[in-house]
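In what follows, structures are represented as structure tokens.
Both complexes below contain subunit A, partnered by subunit B and then by subunit C.
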Partner chain A sequence: MSNTTNEPDGHEGHGGRTPVPMPVARFDDPHMQEAATHPQRTERIIALSFVLGTLAVAGFGAAYWVDGPPWVLAVTFGAGLLLLGFGLTAWGKYLMPQGPFVEERHRLASTADEQDAMSAALVQRTGVVVKRRRMLGGLFAGGAGIFGIVAIFPLLRSLGPVPGNTFDVTNWRRNSLLVDSNGRPVRVDTLQVGGIMTVFPAGAQNTEEGQAVDQTVLIRVSTDDITTQPGRESWGPRGYVAYSKLCTHLGCPVGLYEQQLQLLVCPCHQSMFNVLDGAVPNFGPAPRPLPQLPLKVDSSGHLRAQAGYDQAVGPGFWERTTR
Partner chain B sequence: MMVAAMGLGGVLSLASGASATTTPSSSSGVGGISSGGGVGAGNFSSGVSLPPGVGSPSYLGGPKNSGGANASVRIYRTVGGKRHLVAYGSSAITYKTPPASYVPLGQALFAQNCSSCHGADAQGSAIAPNLVGVGPATVDFWVSTGRMPAATTNVVQANRKPPRLSPKQALEVAAFVNSLDPAVPYVPYPNLKGANLADGADLFSLNCAACHTITGMGDALALSTFSPSLHAATAQQVAEAIRTGPANMPRFTGNLLDSQLRDVVAYVTESIQHPADPGGSGLGGIGPVAEGFIGLLFGVGGLALICFWIGDRA
Partner chain C sequence: MSTTEATEPRAKRIALPRTKREAQAALGPYGRTGKIVGELDERFGIAKGGRTLLDKIFPDHWSFMLGEIALYSFVVLIATGIFLSLYFVPSADQVIYHGPYKPLDGQRVSAAFASTVDLSFSVRSGLLMRQMHHWAANVFVGSIVIHMARIFFTGAFRKPRETNWIIGTTLLIMAILNGFIGYSLPDDLVSGTGLRIAYSILLSIPFVGSYLATFLFGGNFPGTLIIPRFYIIHMLILPAIIAVLIGVHLGLLVRQKHTQFPGRGRTEHNVVGSPMFPTFMAKTTGFLFMVSGALALLGGLAQINPIWQFGSYKADRISYAVQPDWYMGWLDGALRIMPSWEWTGWGHTLPWEVFFPAILFPGLVFNVAFGWPLIERMFTKDNELHNLLDRPRDRPKRTAFGAAFFAMLFVMFLASSTDVLANYFHVSLNVVLWFFRFAVFVVPLLTYAATWKICREMQGVRGIGKRKRALVVTRTASGEYRTEPSAPRPGDERDELQPEPVPVLIELEPGVTVPERTSPVDGAVGAGVRQVKR
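So, the complex of A and B:
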């Protein structure tokens, strides 16, 4: 506010506006000199920067025209912008007058008379004019209120469809045929001991829901029928075991099978499931074993499910009955 | 074509696996069910006995491999009245057993390099597994990648290192071990011509990327084990690892056809090992942490320095 001292007296407020004369720059004013100690040399450097930047930008255009490799596009584009920007910045920084500059202005505050007149007008209009239109105000409040309620609908809809029972039930049923991601049925000789593949119930392998909730890892751990847990004596024919591929922690695909350690590892948070012991987690944040799919071999040598999963697959949720 | 490519001596007879295994009820696969602890089913020469638990290798042929470019072929040699399977496979992958003439040299090499842990007859010991009946591909993989002979037994997992034995010596050792109890899989020779890289990428992301990562750099697994980088592996070693499942790696057999195996091998040796890296550098291909670090340090840091220069008075 150093300029207030230059304000001519007696010319305050809107009514007293007087153009303030611009100060005349004098050539010997130190504020009007460039900062560069060697202006000629600086100018040459900036000119060179502009020339090179122009060449680079033109080169980018040419490279784009002939569909050049990405790195050429990147280098020419980046160098062009960098050189032009450098030149501009250096021009302003070293060759332009450095200031500081002072721009005079009139006083911004209203006069006491103007302020009094404004408050008188406000008081008068509020009492009479604004309060007169109660009906319009009520109508607008009604419309805005309805709009506010309606605006909640898309918000609720964006939460997705109501899941229904899809959290609890998969497409695995009694006699579901095991197929791979290409729909090829899995035969009893498809895997050897130490093999793993991802399987789906036939028909669901290419559906979004099938890939989301039905994905199951099929592992062959021995040539004999294997029992992983009491009550699952018939679930592992010919050494085949099948577990839901959805981690019980947060639903990541548990696809890392270590065949010597007999562990299934989740890549997200390193939960480890014991393949031979019903996929009980023995490390990591997973709270439950992976649900096991009971298998059987049909008369033609194909693997089928004895039944669907006996519990919800994937991570826990509020309404889950078997936590 | 295949017979000519083999160049094998002896009496060769060509048997089409496709014609023998077109009906599921008589295929080697179902034979594998009933045999369980299994000797090879009828399709195989009596000279080849399959190791217990392996069952019949369905990828030798059968309905899934019959016909077209995938037609499976088997080559036998008759020695002393017995037919020995010497090669099998398809136009995509040919599996060959090392010639019998390699056995004596292989035995000497085995005695020098392997027997201190695995025993002179390859029966294994407290610190090393039994190698009898593992098949030539397994032996060739471990020796040709330099993992065996191991530098020390005091590690969780043998790592790849410059091989001590030459590729031919590795085959000689494989020939000796296989002579103790002939078994499949034989050493695969992939023919990458006609491989479909797009299909290979799909199969890689479905079957391999979970452990080896999508860039093939490998990653840590459970209990100090790790999946190794794929960037130094040869096409043959990739095929061997997939078919035999070394160490903690699962083995992929009937769920990966020979043509699909060729696609995966081609994807690894071409796209994985020679990435396009359109940004100029893959930064080791180890994921967003490295990329974010470089971006923050040099990108944001460089911008901050430029801002300082612009804002500073001359």
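So, the complex of A and C:
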């Protein structure tokens, strides 16, 4: 049988630290005393808070049982938790050993010898086992590297289609009939001067894509006020002008029409577009005018598109060609 | 000889106690607890480490609980989130809503929207849980930011704690991301508009933007894939990452031990405070209850994200009322005050007006945050281990930089309400916009100078940081006025005590006295301690 006193020093104390004599506390030691000035009153307050908290939590149960309104649930539940928590925290803060007590920080770092031992093991073993078989190591590293790259493919490429010309096309074509969100065709007398509506190419008004991409704002302005852009002389018959409703900044619907100033305003970041002057942005972060849809009136008095948009609608992106 | 061989194996068997006294004696001096500890220790070896854990010292300072707010709001997020996941339908399928909220009755909405309205109105305590969840998310991000500010201004990120600073910054990014993804799920007007903006921000990235956007959304905006995809990211992938990172964060905290402010008896080589059990346990568990209680009150009394008022998302609808959650405000503000600088040429477009404020700038902000321990070390050339915290005034340059940094973000946050400010103060939107375009540069510079000056002044003030004791003025019977300092507050009195190791408490029988103890830290202190009497 071995002699127990011969065990290594690290076995004693906590985690190999120098064992300190553990003192026995006297109850009048200020480290142990309540921080509270009136401990008995503190105890009563804590007890009261526990009792009220329990009642409130039970009240939550009752309120839930009778399907009470949310505010009753919240008040009972919240007050119950707050009171129980307050009591527990106060108990810990005022009636439990506060110290200040001290604990030594042991060095996290190992000794220089231990560090060296680990480094040596790494270096020597690598030198003996890996470096002699450089080719094997290189082959494995190559394989793992290729796998790392290939593994990204299904994670990324399977997610969705490549964009292609997704962002350049809309459902607006030559002769597309303008309809409102309920599919009713827009006639030449649908809007008064100063009127505004959102239109879609017939057939796309109920599709998600139609709502998200094709949405176009149709405004009727007085023909005297409008400044026609060169090359767009025939685009706005009878004062009707149509612009893409997608803001050229971040694609929010340009949903606010300021009639007095003839501005289309994007509520997201306050870009403003001049309705009378080709929807040129005159305020805010939008960089480009809203694309304009060329309109015509057909023989039966319905509004139709002369052609689709001549450029991509909505915000900018790398492949967007300049016009 | 033969008797010992025969009886030894039998002694290991459990002998059933015959009387109550025998049962007590069999349990040993520490009763049932001793029995349980013994059984556990034989299997898992918990006793030695467990005792050390009970004595683990946590330094006391009010600012050390900011991280606890974050931790406990995460607990609330998990609890309420599990509840919500039982009712929410992550689908963009169109359904006709029929339910107790009459204004929407009969309308075509998405299943995600309908199920969110249903769980708010038809599921018992559903509205409370949903609003608690949303409030907890806001509090989670907010408390992380404030916790980080505490770490920054007191220099707690210095060696050896750089890793925990980086984990914390990652947690902040994860929290913001998951918050955004979370409020994108119900498919109301706010979520849809937020998603539209997020899609356009992805588009703005040169070379790969359109690919990233179509991959993430499975095509052009909005498609039907994004809600189920965001759902699994929101309730599984990101929470798992956050939970693991919190685990590592706390593990490192325990391993490296908490920092402490300088004070009596506090050195780089010790920790001074109150013990894990029972003091810290009681306080922190109580705090968990209080954080949950506060969130419950907010969740039931303060309306948040009333999606039935916004309506289901339709891509061609928009409203002024649509605003992001607060932690997105600085990005929204940056997008608003950025000039419209789009570069075009060679058949390509580079939308700086989006790419800079929404991608490059936040990238810069978080990279400065990640790299700050390194950046500071480049200037200070300081490679020491630090366990004592700095007072912010003692590091005027760092404090001034941090204040300027926050000031810039705060100006951007305010800039996200240009329209509201213009309306409220009756000034033109143009004036407000240009004010913010200058303020975003000027305010941080002024903040830096002012903070640096205040720090230097504070360094020169005597008794700074010490709580002043009130002077009590009394009039004696003879009409004489006297002033005396009032009694020290209990906490202050405690700060003046010499710290000692956690003692063993022994319940004393009446009449038994305990031998005078010698303090292992400083033998002379024992006498001094006893002078402080209630």
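Worth a mention:
As a convention for this text, the second predicted complex is superposed on the first by the 218 of 323 C-alpha atoms of A that agree within 3 Å, B and C clash if a C-alpha of one lies under 4 Å from a C-alpha of the other, contacts with A are read in each partner's own complex, and residues count from 1 in each chain.
One rule holds for everything that comes next: a residue touches a chain if its C-beta (ideal position, glycine included) is under 8 Å from a C-beta of that chain, and two chains touch if they have at least 3 such contacts.
Remember, predicted model here, so these are calculated numbers, not experimental data.
By the document's definition of touching, of the two partners only subunit B reaches A:238; subunit C does not. In the superposition on chain A, A:198 contacts both subunit B and subunit C. After overlaying the two complexes on the shared chain, residue contacts for A:301 are found with subunit B alone; subunit C is out of touch. Shared-chain residue A:253: touches subunit B and subunit C both.
Shared-chain residue A:70: touches subunit B and subunit C both. When the two complexes are overlaid on their common chain A, residue A:263 makes contact with subunit B while staying clear of subunit C.
In the superposition on chain A, A:100 contacts subunit C only, with no contact to subunit B.
Considering which of subunit B and subunit C touches more of subunit A, the answer is C.
When the two complexes are overlaid on their common chain A, residue A:159 makes contact with subunit C while staying clear of subunit B. After overlaying the two complexes on the shared chain, residue contacts for A:181 are found with subunit B and with subunit C alike. Taken together, the two structures place residues 35-36, 70-71, 74, 89, 93, 98, 181, 198, 253, 255-256, 267, 270, 283 of subunit A in contact with subunit B in one case and with subunit C in the other. Per the touch definition, subunit B reaches subunit A in the complex via residues 24-25, 28-30, 32-33, 36-38, 52-58, 64, 206-207, 210-211, 221-223, 225, 245, 247-255, 278-280, 309-310, 313-314. Within the complex formed with subunit B, the residues of subunit A that make contact are 35-36, 70-71, 74, 89, 93-94, 98, 180-181, 184, 186-198, 219, 222-224, 238, 253, 255-261, 263, 265, 267, 270, 272, 283, 297, 300-301.
Those residues of subunit A lying in contact with subunit C across their complex are 14-15, 20-37, 64, 67, 70-71, 73-75, 77-93, 96-105, 108, 156-157, 159-163, 166-167, 181, 198, 208-209, 211-213, 215, 245, 249-253, 255-256, 266-271, 281, 283-288, 314-322.
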